[in-house]
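Labels run A, B, C and D following the written order; every chain starts at residue 1.
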Amino acid sequence: MLNFTLRRVFNGIVMMVAVSFLAYFLLYIGAGNVARLILGLEATPEQINELNEQLGLNRPFIEQFLTWLSGAVRLDFGASWSMPETVNEVLFPRLGVTLTIVALTTLVAAIIAIVLGTLAAIHGGFVDRIVQFLGLIGFAVPGFLVAFFLVTLFAIQIPIFNAVGYTDFSENPSEWAKSITLPVAALALSALAAVAQQVRGSVTDAINMDYVRTLRARGLSFNRVVYKHVLRNAGGPALSILGVQFVGMLGGSVLVEQIFAIPGLGPYAVSSTAVSDIPAVMGLVVVTALVVIVVNLIIDLLSAALNPKVRLS
Amino acid sequence: MKSFKALAAVAIAAALAMGSVTGAGAAGKTLSLGAIAKPVSLAADQAEYGNRAWFYQAVYDSLLVKAEDGTLKAGLATKWSYNALQTQLTLTIRTGVKFTDGTALNAAAVVKNIIANRDKNGPTANYLASVKQVVADGNNVILGLKAADPALLDYLANTAGTVGAPSNIGKASAATSPIGSGPYILDKAKTRAGSKYVYTANPNYWNKANRKYDALVISIYEDTTAMTNALKSGAIQGGNVTTTTVNTLKAAGLKMASGYVDAKGIYFSSRSGSKSCISDVNVRRAINTAFDRAAMLQSLDNGFGKVTTQYFSTASKGYDTAFDKKYAYSIDAAKALMAKSSFPNGCTITMPTFAPYFGEAVYSIIKAQLGKIGVTVKEIEETGGTFISNILGGKYDAYLMQFERAGNSWQFLNFMITKGATFNTDNYEEATVTKLIADFAKASAAKQPAILKAINTELVNNAWFCPWYALQSNFAYKGIVVKSAQAGNIIPFLYNIK
Amino acid sequence: MSNTTIKREGLARKVLKNPSGWMSAGFVFAIVLFGVFAPLVSAWDPNEPDVYSVLGGPSAAHWFGTDSAGRDVFTRLAFSTQFSLETAALAVVVALAIGVVGGLIAGYFGGWFDAIASWMTSILMALPGLVVLLAAMAVIGPTMWGAMAIFGVLLSPAYYRLVYTTVRGVRNELYVDAARVSGLSDLRIIARHILGVVRAPIIIQTAIIASIAIAIQSGIEFLGLGDKDTPSWGAMLNDAFRQIYDAPGLLVWPSATIALVTISLVIFANTVRDELERTGPRVKKIKGLGKTAAQLADDAAEVATIVHAAPSRTNDALISVSKLAVGYPNGQGGVKQVVHNVNLTVNRGEVVGLIGESGSGKTQTAFAVLGLLPAGGRVVAGSIVFDGKELVGASAREYDQIRGGRISYIPQEPMSNLDPSFTIGSQLVEPMMKVLGLSKSEAKAKAIALLTRVGIPNPELTMKKYPHEISGGQAQRVLIAGAVSCDPDLIIADEPTTALDVTVQAEVLDLLRDLQKETNTALLMVTHNFGVVADLCDYINVMQEGRILEAGPVLEIFQNAQHPYTQSLLDSILEGGPARGAYIAPKGN
Amino acid sequence: MSLLNIENVEVTYKGKGLKKDFKALKGVSLDIRPGECVGLVGESGSGKTTLGRAVLGLAPVTGGSITLEGREIAHASRAERAELARDIQVVFQDPYSSLNPSMSIEQILTEPMLVRNWSKADANKRVRELLDSVGLPADAAERRPREFSGGQRQRIAIARALALDPKLIVCDEPVSALDLTTQAKVLDLFLEIQERTNVAYLFISHDLAVVRHLSHRVAVMYQGEIVEWGQGEQVTQNPQHPYTKRLMMAAPVPNPVEQTARREERRRMMAAGLI
């Protein structure tokens, strides 16, 4: 298990460096006249030169990348081009918000999906139809549409939850709950649908496995076999879908945060994109990729804990 | 359905009640406002007015302040006076005021600030271009001017008079850690740069009587719908809203403070030389004639505005109602003007589009209307950062914009008309206008109106611009007191919100 | 339509016959046509503004009303459809091209390309799509074509992985080996054998990828980061959102179109998948699986089993099956019966064989006795009396108390019958604690003793191992240990040695015989192997097509089989037959 | 003269990553004469299937030589393999996965002919001949593999192997997935075809009885090596090598009386350490 963990961690680190290099290369090469972008207003050629000098944009590309990388490993993404704050100052508080939302959504979606998916696989009928329907709607209706309808209904028509903004949990737990409920609901739907379908499928598969019959032939009740053996074996595929959904949710949160005006990564990504704030965009890409890689690592480790065979592969 | 709603509301409210008990009341009296743009820098010498005014007014005091109607009032300067030639301004600085870093505010500090505001390349720099030298004289600050500047006091009540702690001037950290003497202190820990700016009360503020709230939160809503939802749901008490949401917000019980600050329309930027057909006055006149201003106002902004052909605001002495009859919509007339021009077969002009702000509908209208008179629009899509810089860099022949129409005519002239004015990007000149402006600077107050009228006549006749209408600005609010729209600014100044 | 075409009904035909299949495919097709013929659907120009009819409601001139620039919404919807579908299609095509080609090459040839491609895939999958797209647009500007091309690259792992795993699977199929032996080139093998297999999964994936591309495309346009000049669903949504309070109706058309198109695509994908997975006809749940009169008559008309006299047999029946019939839903609302009128008795301490070829119903009979028939199956008639208690119709609770402790089971395939996620030890201990009520440590001690008994070296270590860490022979021993762990009265062994090598089989048979002797447990041995029967059984039943044809003491059957089928079986036995003669070189060689 | 000569053949599978290389064949020698059936018997993992695959060019030969009528074929290129397909063919064990489920029987049978640019008419004629020779009705050509039983599928696989009149067919456990009665019929078909066409078989099976029934000579494999090699009757009835003996004694005889005797004998031999 230790060996497995170390291998995966090493793999993750290599992947991070590769992602960073790729992103850096494409973004900085593509960005064009950076100094002009930053100085905007009435920049003179002298000012532009000076800024290029200052930002090191006239140094060789590899040197620039290594400088950036040496900062990035200390989680320092440098100065933003569009805001007075450094990229870190803006990025990390926002990362916290987005991660809170996405993690909570993952948790909510996972719990509901496991319950619904299992019931659908075992009992079929009504619950199964609900899961099928959810699967369809959750997959097909874009999250931002769901978000908008939720706001209209539950924040404006019936003002139960907050329509906009975000309050930290530490600041005011009930406000936090009110601010986070609708975004989480909007985001959760599609993940919930996908995971529930996967759980339904893998529980159905697992329940038809030979060892289920054998265990029952040894006198274990159906429920016991389902809750102990079937769910554990069905857990692996469900987990990996959850991982995929997590990545999707990170993206989906961009739109949902925009609609709920939540100070997460989403609005930062949109505004940085609009003004081509390359350091910010770079930081965003790297940090979200890091989150994805870490989450995948966690999922790998969980899968390995669930299924000993994985540890060998 | 109704009972279901009620039931759901009760159920969920009950579920949340536990949390509410512990959470409520902690906030005290907080003023929550929504802004549509985030600040670029919070340093005093980078202060901006317009939509970003609050971020600076929260932390910094200004030498002068402006009432809702534009009347200048004492700020950090308790008295002000010009010499006879209008070339020397003396300000008396308030005593007993301290910056939040504990240092005292005095004449020397003000001098440093004015110099920084002029020299640090900030948005205010242009407004202090006329200031030759600044010196402290005891409790007074004396500004020596290159030439008379009829708008200077106005500038000082805007951002040019912003005063921050001298220790902070020139520091990079000033951009995110402002230190002033104003009513509030920025709470950096709770602030989410770009989204939410949280302020706590300055315990040593000199003018506590005028500060009605213990805390201030300014949230950024770049999205119209988010702003509307925030207002509707009561998340904020006030914010600038677009014309398309005015009706729904009124229906939701919000009040509006409405003014006519901006003029929306097409602005030209290649009138000089001959590289573009915009340099032909008849083409410019034709463009002016090619829009049904009333219909545009109705369709684009729900009719919230006043049709006009002139850029001077109604508050200006140069404004003439009669001009608004000029350039009545007629495609035939516009075609005739085109025929008269050097481009009888039409021409192509380059214009930027900035859909994130203006929406894309208006651009399709411009393209269609100009197409009808043979002017082909080559659109270049802008999404943000480079929009203004490309305009200033002279990349385009014309552009859609809504410009603030300063009540102060001198300010306007220096903003749009004079050679070297910020938005006279190709330094276009007409001899008559140049002479009239020179006259105006020297003229007595009595003679100024006539000169302004003459200038306006030239501008309108020669179609310097193509304004469509004065756009109504709408500050929607609920639960706070706003006397009226702010003269000369799109949102009420922070100290005027009660 | 000729008969043969019906027989060779293709997937496409099946999908289109299915209501959800043709409805979803039809809708998508209609929407595509709507987009393709956008220039023809109305006289309006999608970009022609009209300041005099801004935000107009639906009218005869403007069916869906007008937008904030007075443009015809219906026309814009048509052109939006064209653009949104085209750009989404670009993403799909790029993803297809990269993913399918890469997956085919990596999957078929493997090697360094496989290593690199798999690595690139994991990198792409570590990138959150929308964030990367926004980043890309920060550089390439607001062009949806560029963005969708990049998104295609980001989506390509979806195809790559699918094609890769499918090709990997197919490459190991024997028919691919056969094709190689036939001298087919790689290209030809890919074209003839591999593409055919990945085609359907690719279609499913494409429907799903297309709906993702549409969602992302409209999301970006909705954020206002797309081409301004071209109408698109997202741009219409963006405009609608700006006017949400003045003209909420504007929101309806683009959102409904997006939702319906994506829903249709997903339904289509699901239908294709369902049709692929469906081997037989549609299975409907049937209430009251009773036998029809015809079946009853069929059973009654059954020629009686030839029963040989068994003078040495005791009459101490432990389990007695009579007139048992097992059926499955046949898809047409009726029942397909797989076991007919079966009578079978196992006395205490007796080893009874149930022998038959595949499909004879022997395993179904065994499962019926265990009360563990596969999904859909059920006992339609007859009775199973175990130790005086009727099991047909017994509740799950009652069965749970009989299984394990009274009747236990040894399966055929050792590996698949052990839960891969639990250690050998825990799988042995768990039932003992439940059935025998032992403490954990007691159960552990007993498990170790059992493993020692079944001949597993180092049982303490084996207890901690997972199923994949032991050999098939050992796994079968573990399963036997499990079956005897709760001291049952009857063990049902379903082909317990079929999956084993012959030397291991001999050892397992020895073990079974010894255990049976030691405990005097009754054993019902289900097998197709006469050698196994000869080795173990006291009494045998010969089954064919769900019926027991002949039953009697083992020697009696071997020496004096009456039924022609039994005789033909015995005749087919090669053991003891003559060896082939010496080689004679063919003439002319 | 031998048709196929296998000399000292080694097959090593490269281990992935940290896994060790696996030597599946450790120097195996064997020969097959024209029209002869050589049986190859052994348990799982003995390397018998690998040897068959090495002859077919489907396993990496890392040492030794395989010659067909004097031509070295162990490392034949793809083009040479395509040529060899005329001479060496295969029938696999699993009648379910050895036929592409999406192709019709006709497509399956004509595949090797089409590679060789046969005319459609010739190919169709040949398909009818082949179906007839394996005892399937002519209308089988239009159907798909799933419409046939296991025994019928194996007949189709045999027909495919016969399509080009090969000199050698590698039969890899061709009857072990079949029911007893079907197995007997298919084995008879193998015999009948050999007598008719003089094709040679390399007949791989785990079942000593099956091998004995069909093979002129028999090789016994154990852990990658041939431990016994000789006349069929000799090897299967009077084996010399302890492993062959163990194999023989382990198979239960379908006769209760004989099996009891054999069981006792086996136990005695094991106790004595003879097997």
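Convention: a contact is a pair of C-beta atoms (placed from the backbone, for glycine too) under 8 Å apart; a residue touches a chain by one contact, two chains touch by 3 or more.
Fair warning: this is a prediction, and the values are worked out from it, not measured in the lab.
Considering every other chain in turn, the ones in contact with both chain A and chain B prove to be C.
When every chain is reduced to the mean of its CA atoms, the largest separation from chain D belongs to B.
Chain centroids computed from C-alpha atoms place A closest to the centre of all protein C-alpha atoms shown.
C-beta contact counts were set side by side for A-C and B-C; A-C has more. Here the spacing of chain C and chain D, counted between their Cα centres, is 31 Å.
Put simply, the C-alpha centre of chain B and that of chain C have 66 angstrom between them.
Centroid to centroid, with C-alpha atoms defining each point, chain B and chain D lie 89 Å apart. For chain A, residues touching at least two other chains, in rising order: 148, 258, 273-274, 276-277. Within chain D, no positions touching two or more other chains are listed.
Across the assembly, chain C contributes 225, 241, 244 as residues in contact with two or more other chains. Chains touching one another, given as pairs, are A-B, A-C, B-C, C-D.
Remark: chain B residues 5, 8-9, 12-13, 16, 18-20, 22-23, 26-27, 38-43, 175-176, 190, 192-196, 219-223, 225-226, 229-230, 232-235, 356, 383-386, 388-389, 392 touch chain A in the complex. Residues 122-123, 125-132, 134-140, 208, 211, 215-216, 218-219, 222-223, 225, 241, 244, 255, 258-259, 262-263, 265-267, 367, 370, 372, 374-375, 396-397, 400-401, 403-405, 407-409, 411, 413, 416-422, 427, 430-431, 434-435, 466, 468, 479, 482-483, 485-486 of chain C are the ones that touch chain A when the two sit in their complex. The part of chain A that touches chain B in the complex is made up of residues 36-37, 39-43, 82-85, 89-90, 93-94, 97, 148, 151, 155-165, 168, 171-175, 177-178, 258-263, 267-268, 271, 273-277. Considering their complex, residues 47-49, 51-52, 54-55, 67-71, 141-142, 224-225, 227-229, 235, 239, 241-246 of chain C touch chain B. Listing the residues of chain A that touch chain C in their complex gives 15, 18-19, 22-23, 26-27, 30-31, 135-137, 139-142, 144-145, 148, 208-211, 213-222, 224, 228-229, 232-233, 247-248, 250-252, 254-255, 258, 265, 269-270, 272-274, 276-278, 281-282, 284-285, 288-289, 292-293, 296, 306-309, 312.
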